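Two complexes, one shared chain (chain A), two partners (chain B, chain C).
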Partner chain A sequence: MRFMGNAAAILRKDILLELRGRESLSLMLFLSLLLLVIFNIALDLDKDSVSSLASGILWVVFAFSGILGMGRTSMAERDEEAYLSIVFSPASPESFYIGKALSNFLFLLIMECFTMLSFVILFDFEKIIGLLPQLLVPLVLGTIGFSLVGTLFSFLTTASKYGEVLLPFLYLPVVVPVILGGVTSMGMVLNGNAGGTWKWIQMLAVFDVLYLAVSLLLFRYLMED
Partner chain B sequence: MNLIEIRGLKKQYHAKTALNGIDIDIGERDSITVFGPNGAGKTTLLKIISGIMSPTEGNAFYNNKKYSESEMKKEVFYLGHKTSLYNALTVGENMDFICRLFSINHRGESVKNILKEHGLWERRRDPVNELSQGMKRRLALAKGFMTDPKVFILDEPFTGLDLRWRSSILSKIKDIRSQGKTVILSTHLVEEGFELATRVAFLHKGRFLFIKKKEEVKIEEIYGLFDSMGETGK
Partner chain C sequence: MKTDRSITIIFLFLLVMIPLNFYLIFMVAPTEKVMGEVQRIFYLHISLAVGAFLALTGVFVSSILFLWKKKFIWDTAAYTCAEIGVLMSTLVLTTGSIWARPIWNAWWTWDPRLLTVLILWFIYIGYFLLRGGIADKFKKAQYSAVLGIIGYIDIPVVRYATKWWKSIHPLLTQEGGGLDPVMKNIMFFSMATFILLTIFLFLFRFRLARIEERLEIVKKRMED
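Presenting the complex of A and B:
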């Protein structure tokens, strides 16, 4: 009970920080829109090509905008060493991690919804809206994996002055299974093969559990020094 | 009984030795002031005592338990060079967050009283980044009062403050002492540090030149040491 209470307090604080500072989500939304505009201009796709490329384009945007946002939420903890107020409190490192992962998950999900909506408008691809219920499962599972790994790595790298440069190099190779699972399963849904996504969804779920277990273990060590 | 025991502490940053062979026992209600010139290793020592930095060698115990096995981080308040505040949040929101972590009623009278005592009640709706450095330090200390820890570890609490804020922070630390808390403080301001101490230590080049009871040291002796190292201690 206390564990989830502390995690909720950290989530609430991150939402307040975002409302006050607008440092993470607004940057993510701006970058995602920028990337979509670049893809739109550079690829000049017809309706059939959009269907086959949509999933890949979306996940590239999710990945890069997500990295930017998660780096910023960790920087907010490092500024003025604010995270020490959590370290010197009854909150366990695990509840700290879960609180941060929840806030990253929430911001990522908002960014992803915004990106998909922008994609519909920019690429004139309304099909996504009709398929949203089927897209939701791989999207949510992929976002869970993204936020679990991103929370750990962004906190690790912001300790270094080159943190924001280091983050993509460490983070992206580790989340390759999530990107692969997300791109493939969402691609299948968009191309009328929703029945074939089951094994990819299973894989995403397994990796989420794995990331959670390893990250919880490592975050404690990270906090101890 | 000793609350904190540090044994054979050594801290190395690559080729540079920041601390070498530090032993110190800190009891309940102790108030230790660690003096030393810039670069003596005071901040490193306090970070290790507070458990946020690991030593290269040596052991640290809290209530006879290794730090990692103790409840130390729940019972210590650490204020370093930075204030550990969320700058974008308001004064009230920072206090509210701490109350939630410590399961204190955030709408209770205690928050109001503490903010009033620290002269921050009128500023409760202002973002922290609009406060002066002195007010930020007071807010950081107010957080400590709110959570009622056993030990206060304060690293250079007077740094960057003008005389008015310095005396204000000094009086707050006196309040902490009068409540019977353990205080470990580092400073290069001799007068303030001496006034607050029950024991006095002088750190130089990573080693203690001495740790003595306040009665066994004359303030001139500390000024003399600072003078010999090219600093004033004022």
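Presenting the complex of A and C:
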């Protein structure tokens, strides 16, 4: 119980920081809106093509806005060596990791809901709203995967002089299974083939469990100095 | 030094085996019925893939050993293996592409296996990007070990995820019974050659890395 309490304290701290205007969430939202506009210009989407491309566009936006947000929240820990106070506190590195992953998960999910809503408005694609219950499972599972890997990797990159710039290079190849699972299963739902999503949902769940285990095993090594 | 002698012995073996391997591939191996001459690249392509797999497994094992024992020798072993792994997987992709042009009529297709190797290649390029940006020696070793472990674990997941697309990659092992015995033996010889080459490259590069590290220490001492 101590463990989850510590994690919740980290989560609370990040929410508080966000509310007091550290602006990582607002940057994410702004980028996702901008990316949707760029996609529309680049692909010249019309009513027919948008249905088949929606899922892919959404996940690319999720991935890139997510990288931006997660890179920032980890850099905030490295700035002025704030994380050292956690290293020296009795709280375990794992509870710190879970707390950070939870806050990343929360911010990602807010960004994703915002992106989907913007998508509905900008592309006149109301189908998403009706199918939301079915879209929710792959969305949440994919977001868990994103935040688990993203939290670990954003801490990896903080040691580098290149900082957050390095994050997409390490992060994107590793989350390929999540993007693949998310794009495919949400695409299936949007195109009226919800029955085929089950194995992708299983795959996403396996990915999440695997990365939770691996991250919990390895995160403490990033806190040793 | 003991490693020096084993490097020399392996080198002498390779001096015979590599030319012999090429002789077998181009002169002895029968020409494949359907694909023709270009099929001979399989002997190299598959052997390189075995070498790459061996090297990347080396990264994984050495990374675990570093995190466990905290001895820098394991970090040296890990990045040495990673260098060889990147080299070999680059060659796997290149030879595959050369083969695919006449057979599939395309340099590249989005086949699951191809995609898996490409993703793996990106991960290990990332490994060196990460190393390049960290000045502190311990942190560099520690952080890249974490990446070395995750990257390796990710490979089967990527493979599993991409498999559900239709695969057009030829499955050699499944038709093992139909493979010409001469072809099979030459394939095994070629694999043995490349495994030995991988070991040789590792020992040679590892030795060089140790010498470099010693030089750094001597330089530092002279400065002080």
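FYI, the second predicted complex is superposed on the first by the 224 of 225 C-alpha atoms of A that agree within 3 Å, B and C clash if a C-alpha of one lies under 4 Å from a C-alpha of the other, contacts with A are read in each partner's own complex, and residues count from 1 in each chain.
Everything that follows uses one rule, which is that a contact is a pair of C-beta atoms (placed from the backbone, for glycine too) under 8 Å apart; a residue touches a chain by one contact, two chains touch by 3 or more.
Bear in mind that the values here come from a model prediction, so they are computed numbers and not experimental data.
**Student:** According to the stated criteria, A:N6 is in contact with first (chain B), second (chain C), both, or neither; which is it?
**Tutor:** first
**Student:** Considering only the touch criterion stated at the top, classify A:L16 as touching first (chain B), second (chain C), both, or neither.
**Tutor:** In the superposed model, A:L16 contacts chain B only, not chain C.
**Student:** Of the two partner chains, chain B (first) and chain C (second), which one does A:L131 touch, if any: first, second, both, or neither?
**Tutor:** Neither partner.
**Student:** A:F88 in the overlay: touching chain B, chain C, both, or neither? Say first, second, both or neither.
**Tutor:** Touch partner of A:F88: chain B, not chain C.
**Student:** In the superposed arrangement, does A:A194 touch chain B (first), chain C (second), both or neither?
**Tutor:** neither
**Student:** If you stack the two complexes on chain A, which partner ends up touching A:E224: first (chain B), second (chain C), both, or neither?
**Tutor:** both
**Student:** First (chain B), second (chain C), both or neither: which does A:L152 touch?
**Tutor:** Second partner only.
**Student:** Under the stated touch criterion, which partner chain does A:F207 make contact with: chain B (first), chain C (second), both, or neither?
**Tutor:** In the superposition, A:F207 touches chain C alone.
**Student:** For A:L53, decide between first (touching chain B), second (touching chain C), both and neither.
**Tutor:** After superposition on chain A, A:L53 lies in contact with neither partner.
**Student:** State which residues of chain A lie in both footprints, the one left by chain B and the one left by chain C.
**Tutor:** Of chain A, residues 224-225 contact chain B in one complex and chain C in the other.
**Student:** Please give the residue numbers of chain C that touch chain A in the complex, ascending.
**Tutor:** The contact residues of chain C facing chain A are 67, 119, 122-123, 125-126, 129-130, 132-136, 139-140, 142-143, 145-147, 149-151, 153-154, 157-158, 160-162, 164.
**Student:** So in the complex, which bits of chain A are touching chain C?
**Tutor:** Answer in residue numbers: 152, 156-157, 159-162, 166, 169-170, 172-174, 176-177, 180-181, 199, 203, 206-207, 210, 214, 218, 221-222, 224-225.
**Student:** In the complex of these two chains, what residues of chain A are touching chain B?
**Tutor:** Listed in rising order, the residues are 2, 5-6, 9, 12-13, 16-17, 20-21, 23, 76, 79-91, 224-225.
**Student:** Any idea which chain B residues touch chain A in the complex?
**Tutor:** 50, 52-54, 68, 73-74, 76-78, 80, 82-90, 93, 97-98, 100-103, 127, 143, 147, 149
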